[in-house]
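By letter and in written order, the chains are A, B and C; residue numbering begins at 1 in each of them.
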Amino acid sequence: MSALQVSQLSVNYEKTPVLWDINFAIPQGKLVGIIGPNGAGKSTLMKAVIGLITPISGKVDFFTKSLKQMRNSIAYVPQRESVDWDFPVTILDLVVMGSYGSLPLFKRPGKQEYLKAENYLKKVGLFELKDRQISQLSGGQQQRAFIARALMQDAQIYFLDEPFAGIDHSSEKIIIDILKKLTKENKTIFVVHHDLNTVESYYEWVILLNMRLIGCGETKEVFTNKNLQSAYGKNFSLFDDAIKLSKKISTGLD
Amino acid sequence: MESPLNFFFDPILRAPTLGSMLMCLTASLVGVIVFLRKRSLLGESLSHASYPGVILGVVIAGYIGLSDQNEAVLSLLVLIGGFFSALLGLYSINFLENNLKIKADSALCVILSTFFGVGITLASFVQFNYTNLYRQVQSYLYGQAATMTDINVIIYGILTIFVIVTILLFLKEIQVLTFDRIFSKTIGIPIVVIDMIFFILIVLAVIIGIRSVGVVLMSAMFIAPASAARQYTNSFSKMFIIAGFFGLLCGFLGNYLSVEISQYLAHIYPNERVSIPTGPLIVLIASLVCFWSLLFAPRQGLLFRIVRIAKFKLQTLEENVLKTLWRRGEPLTLKDIQAYQNGNIFTMWWILNLLQKRKFIAKSSHTYYLTDIGKIVAAKIVRLHRLWEVYLANYLEIGVEKVHKSAEEMEHVLTPELEKELTAFLQDPVLDPHHQPIPAK
Amino acid sequence: MQFIKNIIWIFVFSSLLIGCSTAKRPVSNNWSKKDSIKVLATIEMLKDIVQQVGGDRVEAISLIKGNLDPHSYQLVKGDDEKLARADIIFYNGLGLEHGPSLQSYLEKNSKAKNVGSFIHKNFPDQILFFKGQLDPHIWMDMSLWSKTVPYIVESLSEIDPVNAPIYQKNGEKLIESLLSTHEEIRQMLQEIDSEKRYLVTSHDAFNYFARVYLATDDERKTSTWQNRFIAPEGLAPESQISLLDIKFVISHLKKFNISVIFPESNVSKDSLRKIMQASQEMGLKIKIANDTLYADAMGDPGSDGDTYQKMLIHNASVIRNNLKN
């Protein structure tokens, strides 16, 4: 049984296709990198899979169940821009928010949740900063705090959208170590990744996309020059230009 | 001179005071959410949008022949009218934003002016046809706290309790939804429900408040206490408490000072008719509280920030002087030192004095030299400077000519922790990119 | 969500329908007679006496009709036409018509006659001046109002010298009638015992009334006559009511043992209600009279206050009925 199975997934942005007929299945316990050039639909794929965007067609199964049924076993770490950094919240509070999904409507987080949060903060190396305002953190520290929040959710499947964008080296190292440890606990992790140099050392599996699925499988098999040429190279540039033209015409712009 | 306690018990003073305090409390609590959602203009638009509904409530009261004795029913009709009118305004705003793709601030302004214009037109209709009720209608423009009675207080009290209980129950949902909407969606927070609750709360706060401060000034009571509160805390729940406190304070002081100042002025100018209206005074006080907080709140206040910046600048100047003395390795005169810095002679002299006081330098016959302690401090600065240069040049591949400028700034900023990291990372280098020795730790 | 939207629309539409169906347009008035002098008066009380002076030589209409507040009245559509067509305009002055659009028109127009200013010039000690403002409510003292008649006669004679003798005769008859009613009113109010003869209404319209009808001769010689009347709102019922004014009225009620307060026909009862509620809680027995007084407006046609004289008589009888014994 696959941790994630995607069948015939297509996503449009207004009238223009962004993802086209995506099919793949990922077994449990893998650390998967989602890679492709800019605009390839990597973030879109992730958002469509977890229900933030509605696809025009396709089916998504988590351990053969629907998103709704598995919601409490799925954690999503969004891109850092989606958050309001001026909001009055400390790092500890931020991590505690990870428990909100499992708390019933009128119940507040209690001592148990706070202790758990402190524990995860220790795991990501932020425990000393737990009472700091989030705006006072560096990019890498903010990202680590988000990881801690995701860990709070005790999920089976994790989705991380560009977690390594613009963060420092040591934060990146801490994060990738945590992710690898998680896979040892049989969690399945998907990461939208943009730095081709680190793909082979980080991920055992990759999903290579450029609007269409170019390859999905073990890194050593999929991450080949031929495939990379297909994804990043000229082959798709014609397609790219046609799509842009279609976008222009359908929005009535000259 | 009235004793402040009287304002809670005296039959004349009690209802306006309590009513205003309740209204300000509600508005400031809901205002925290409005403020953090960065929808501050929403309060303004909704209060203006409620105006036509208020008038319709008055018209209906006149049509069914209410006008005089049934004050409670009249108040309720006005509140209900205002409520639905504001909801309609809200719905229109959402329609404009989502369906017609109009930007938020434009949509808010369009609805604000349109509804208010409709309201004014209706008001002139009322002026000609229901003249007795016209004054009622006018009193909702700028508020008329003075004629509130206990019935108003009871109605507002119930609504306020409702608002407080709702916020308490949904506290964590409101927090996570306001902070990270996308995350909330993924963990299954009922977004539509919480948004609806927020909108109902804000409309309730508006209609409670327009009797005290009026349609025109209402929005201040949403924003001022919340912005003030933000200056004092970084905790979501504490922000409600502080904002609520400010709200109560403004509501009370508005009434208290309106009476006291009027009495005082009546003394000084016995031949003039003086009256300080309560509603506008509440708003003035709220604005003052807000400005005060922005300037003087500890840690975040502007004043403190200015002071801290000045302190840092001073520290920078001091460290630069120490560096100069260390590099030159010999005692220097005031003029010599000044040649190396950007600053006038007086500032230099003052700095040198400060350094002397701290025993980093000493003076002997017109020249200054480093003391032993001073040498250590100066060496540290130079070390940080050169470490940073090594880092920039070797690891970020920034040209050797450029690293100096950046290091001039960073040497004053690097903390001991960062220094430790740099030292470890660079493996304790001995020479900087200009081939100068780096002082040992 | 759809359900709530429907409720809102139903509410909106039904209110609009209701509003339209009860539209009581103010009686559209304009001059209809030919061959008569077109007179425009700002307030009904003025129009009434001007019409009596002019007789059938003159057709007088008023600008501010019904229960509209003359203090804040602003020109509306159709008013400039009336102002332009009128042969002569009479207004109260003394700051009564202080809506900016109306005030500036009246001051600049040479055919506008200021009766208040006439009184002020010729009988300056009759005019009251409080807290830096003139009290314009001179019609509340019938004897004082009758003093405007010679000025009206003079103004009409100026533009219609042929009929001057008629105006003169009408004027004399009117003065006689007014003074006789004036005496009647005085008698009515003297029926009330002196210690009960105190008046409290919504706004400061009754100073002249109190001075001439309620006060005793001795009180008139000093300023103690002012105790006979008090109101929470000032000369114009449009300013913000302050808590201080309400307190002041209540302490006055206590001091003079007043038990009845009088609402006005075109002013909101909010302040009186507040006063009643607060004083009742303080142990005073206060009630609001169930009939209103005419202060800034006359009664509707058909009511018992639809002429100037009936207006003041109505006031006198309501006050007497509520305060006597």
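As a convention for this text, a contact is a pair of C-beta atoms (placed from the backbone, for glycine too) under 8 Å apart; a residue touches a chain by one contact, two chains touch by 3 or more.
Keep in mind it's a predicted model, so treat the numbers as computed, not measured.
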item: Pair sharing more residue contacts (C-beta pairs) when A-B is set against B-C; value: B-C
item: Maximum centroid distance from chain B, chain identifier (CA atoms); value: C
item: Chain at the geometric heart of the assembly (C-alpha centres); value: B
item: Cα-centroid distance, chain A relative to chain C, in whole angstrom; value: 77
item: Centre-to-centre distance between chain B and chain A (centres being mean Cα positions), rounded to whole Å; value: 35
item: Centroid spacing, where centroids are CA-atom means, of chain B and chain C in whole angstrom; value: 50
item: Interface hub residues of chain C, defined as touching at least two other chains; value: none
item: Residues of chain B touching chain C in the complex; value: 11-13, 15-16, 56, 59-60, 63, 68, 71, 81, 84, 87-88, 91, 122, 125, 127-129, 131-136, 138-139, 142, 144, 146-150, 255, 258-259, 262-263, 266, 271-273, 275-279
item: Complex contacts: residues of chain B adjacent to chain A; value: 36, 38, 169-173, 175-176, 178-183, 185-189, 230, 233-236, 239
item: Contacting residues of chain C [partner chain B, same complex]; value: 4-5, 7-8, 11-12, 15, 18-19, 22-26, 66-69, 130-133, 234, 237-247, 250, 265-271, 273-274, 277-279, 281-282
item: Footprint of chain B on chain A - complex, ascending; value: 50-52, 71-72, 74-76, 78, 82-84, 87-90, 93, 97, 100-101, 103, 105-106, 108-109, 133, 149, 153
